[in-house]
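Below is one structure; the comments refer to it alone.
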Amino acid sequence: MSPQNYRLIISCPDRVGLVAAVSSFLASEGGLLTEANYFRDPESNWFFMRQVIAADSLPYGPEELKQRFSPLAEQFNMEWQLTDTNVPKRVVLLASKQAHCLSDLLYRWRSDEMAFDIPCVISNHNDLRSYVDWHNIDYHHTPADADNKTEHFATVEKLIEDSNADVIVLARYMQILPPEICAKYSGKIINIHHSFLPAFVGAKPYHQAAERGVKLIGATCHYVTSDLDAGPIIEQDVVRISHHDSIPDLVRKGKDVEKTVLARGLRNHLEDRVLMHGNKTIVFE
Amino acid sequence: MSPQNYRLIISCPDRVGLVAAVSSFLASEGGLLTEANYFRDPESNWFFMRQVIAADSLPYGPEELKQRFSPLAEQFNMEWQLTDTNVPKRVVLLASKQAHCLSDLLYRWRSDEMAFDIPCVISNHNDLRSYVDWHNIDYHHTPADADNKTEHFATVEKLIEDSNADVIVLARYMQILPPEICAKYSGKIINIHHSFLPAFVGAKPYHQAAERGVKLIGATCHYVTSDLDAGPIIEQDVVRISHHDSIPDLVRKGKDVEKTVLARGLRNHLEDRVLMHGNKTIVFE
Amino acid sequence: MSPQNYRLIISCPDRVGLVAAVSSFLASEGGLLTEANYFRDPESNWFFMRQVIAADSLPYGPEELKQRFSPLAEQFNMEWQLTDTNVPKRVVLLASKQAHCLSDLLYRWRSDEMAFDIPCVISNHNDLRSYVDWHNIDYHHTPADADNKTEHFATVEKLIEDSNADVIVLARYMQILPPEICAKYSGKIINIHHSFLPAFVGAKPYHQAAERGVKLIGATCHYVTSDLDAGPIIEQDVVRISHHDSIPDLVRKGKDVEKTVLARGLRNHLEDRVLMHGNKTIVFE
Amino acid sequence: MSPQNYRLIISCPDRVGLVAAVSSFLASEGGLLTEANYFRDPESNWFFMRQVIAADSLPYGPEELKQRFSPLAEQFNMEWQLTDTNVPKRVVLLASKQAHCLSDLLYRWRSDEMAFDIPCVISNHNDLRSYVDWHNIDYHHTPADADNKTEHFATVEKLIEDSNADVIVLARYMQILPPEICAKYSGKIINIHHSFLPAFVGAKPYHQAAERGVKLIGATCHYVTSDLDAGPIIEQDVVRISHHDSIPDLVRKGKDVEKTVLARGLRNHLEDRVLMHGNKTIVFE
């Protein structure tokens, strides 16, 4: 098991002395930095920090650390959070019929490759139930047909609420979440789109790609906003295709990219490496 | 020096016996195949072939080969051409002020890495003249300001004509060719666009990319049609960027992708590996 | 379901008229080519072909096709085989404790992404039994400790024999097969090695990689010969690492490359795209 | 032109309060951090920092900054240096007959894509003289035949000394520098090796790669030590090859990787992003 750490994530207006103030505070408390990332956006003059502190270097727990840090945070107008690696994030997975992203995340979960809890899987179909069952994870089936969408989304929202989710992952969920849910969980809903955005927004991107004759196809992991496929991008990647590839080939090759990009994006989010800044992200890798 | 070859490029409706007919013809003439590529497009039932024949395996020259092949070509309704590797293609290069693509192609030319002739370089600026001069290649400067575009394009067209160009490469030329020139040299004008098309069509794609917050930027080599940035794609590639990259960084990283993608696309075109099929390409690599 | 095809795989000394002879034979039988790949190795003057024939274009079955093709094969001294896409290959999977490659292949199997049968999984540990059980696939546990290796390999050989395996995949099996088994199943045993061979042969390649300070790590899918990690390479790939990556990070990142490379290599093998030529492979992609 | 910055590069044993001490010092002087990178090596408990300070945020010049920082550096047993972006590094280029790496670096130099001075080019051949001449850069030809190697290296050493070189780049120089020169310029000599090290050490790596049948070839940029091809690696990359690629194809494709990898490695070195740690490097990108 990895040693316990606290992660202190900060964004605020830049000022001379900012790094000094934060690192001096941490040093005065005895905190040992095991990782530290800084970024200054010259356009907005905004500053972003991620500091990882060895828990056993401090004589007290995370709540007291928060309390002691608070005055400094206020002084510098920081948006900030402190997370504890001993408290894994709770990730609700939404899926439809396709198994590739869900299977991949379940593998990473059960092999302890990525640290998170899964309160439940929600799907508008029953196809993946048996596989999820084997993992001893709750599976909720709530249909999403044309005539019961409102009910579907109400159920989804209730299930998310009840599970105390920190993160909601749309693992090829194929439904468009209503704006209220997007707003309520802003910065917490992660989607995988099966194209290299902003190319091929919307439905059937592989068909669009085949039509256009591109030589690479891709996938995009992004935060969900009410603006379809337009939220802040966390991670992207591509794979080479050729004239030999039919649409089923694109779908197949694309699946490998989708699951890889989603897993990388989610990992970075779970490790508090992704900071939102307007419609963009800072990703401290 | 590479041994002399003929390349027989064919596209036509598919039929049982097509490969047999062509290869039997070549075998009966004594032709040794050193490379052979075939592709059947199942949607259109169209067939594409590229065959490379060792010149010294035939007792006669390319003109007679063409004549002898003609009846077969007619019988199968082929679009076809035969090229001779001893006759390098004539490539006119159009550029503006930026040197990266032009320099890269001139390096590949002078080091014999790619086999082609350069009748001349045409530019709307004088910046690159001295460098082109060093290569003993003709440099034509014809300004392209708002008030003399018509004259500019007339000059360009005349220079292309006079140089007996087989290929026209827009090596970051930055001007939009009039539709008449696009039509006249259909399938012969190759452009490099500084984005992963169809994302970021038009002007300032790196600014668009920065604005959208993508995690990869790219470049696209395509045939020019009168429809801006929408012609058949020959080659594409991407490079990873991060929040650290300012727009000048994108421009710098992008230049490396642009020149690589253009060189690969042009090489494939020069080796008759690219066959157009509607708005798509078959690239026999 | 994909339409039924026959794949005719040939390697033989090159001669003028070879493609003509084969394609004329196929045409005379009415065979429609849906794919055709040819490669001539100029050094050895050896020729390699892969032709895919639509089954419904022939008035008879694969056995008669073989019989009819035989005389031509003899005339040209061909090594050849004809496979039928309706007869999936039987793939025995050998694993140890690590799940990533096995899980990945089982996903591709159960989602019909790759067409093959799995007669059984063999392991020297019991860790993966429950997961394999869920798939309704036989799981054989045969320990491989220092004092019972001979027995272990005898059991493995018997199980392979009894299962009529066409392919044996070492999905991170971690044992070195005895030379007799390697010889008996020459060209049929596929291994995934967790380095970019020939770098870091043998044990603990990720430790070796960390020690050397490389900036990329990789994986290699190859046929097994009695010469450790030296068999013909089918597929390789790499992933970027940095000074931030500890050995556990290398292991984790490496797993993703290992499973991808193994899946690509196996897919090409299953589709009869891989032809051995001495210690190298021709891979018709 | 980029704004003037100072870069403060530090490595030392780790201690709680290290970042605080350095950043507090810089803040107390008024220094604005525009970039900051930190890395703690958990195995050796060593700490590495790179801080970029806006020159105009300080009321004095780099010499005074060094003087004021000195006591802190001593207190923490730091190895450190301060560089000034207004003082470009002096890079001596050594080449042989091949032009690809040299041409690429000269392009990046003349287009201001990378900031450095070139006091001279040294070669054991005259082939590249005219091209270097066009750039108005001194070209020294000193033959390196079997019977005058000692003289050759004496001349090379003298030329390097006379040119006050900060960096020596072996741009496909093809000669093995004597250990004395390697030791004298430790951490300052950068080589590009045409393989993915540690695979294919020594001569003719592309022939070795073809012999082994690998599916990727690569290039490695590393610091030169007296141990051939074994110095700390700065950057590596690979490119995909196939059975179609002959050795000349490998050489051609390899050239593109070589020049890209060398340029990236050199850029990182010039920007003081590369810190040596034993036989490894930390590269702050």
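So that you can tell them apart, the chains are marked A, B, C and D in the order they are listed, and the count of residues begins at 1 in each.
Criterion: contacts are C-beta pairs under 8 Å (C-beta built on N, C-alpha and C of every residue); 3 or more make two chains touch, one makes a residue touch a chain.
Nothing here was measured: the structure is a model prediction, and the numbers come from that model.
Student: Which listed pair, A-B, B-D or B-C, reproduces A-D with over half its contact pairs identical?
Tutor: Matching pair: B-C.
Student: Decide which interface, B-C or C-D, involves more C-beta pairs in contact, and give its chain pair.
Tutor: Counting C-beta pairs in contact for C-D and B-C gives the edge to C-D.
Student: Report the chain whose CA-based centre is farthest from the CA-based centre of chain D.
Tutor: Result for max centroid distance from chain D is chain C.
Student: In whole angstrom, what separates the CA-based centres of chain B and chain C?
Tutor: About 37 Å separates the centre of chain B from that of chain C.
Student: What whole-Å value do you get for the distance between chain C and chain D if each is reduced to the mean of its CA atoms?
Tutor: 41
Student: If you look at chain D, which of its residues touch at least two other chains?
Tutor: In chain D, 42, 244, 285 touch at least two other chains.
Student: Taking the touch rule as given, give the residues of chain C at its contact with chain D in the complex, in rising order.
Tutor: 39, 41-42, 196-200, 212-216, 218, 232-238, 242-244, 246, 277, 279-283, 285
Student: Would you pull the chain C residues touching chain B in the complex into a rising list?
Tutor: Touch list, chain C to chain B: 16-17, 19-21, 23-24, 26-28, 30-38, 40, 42, 57.
Student: For the complex, give me every residue of chain A touching chain C.
Tutor: 99-100, 103-104, 107, 111, 113, 131, 134, 244, 252, 255-256, 260, 285
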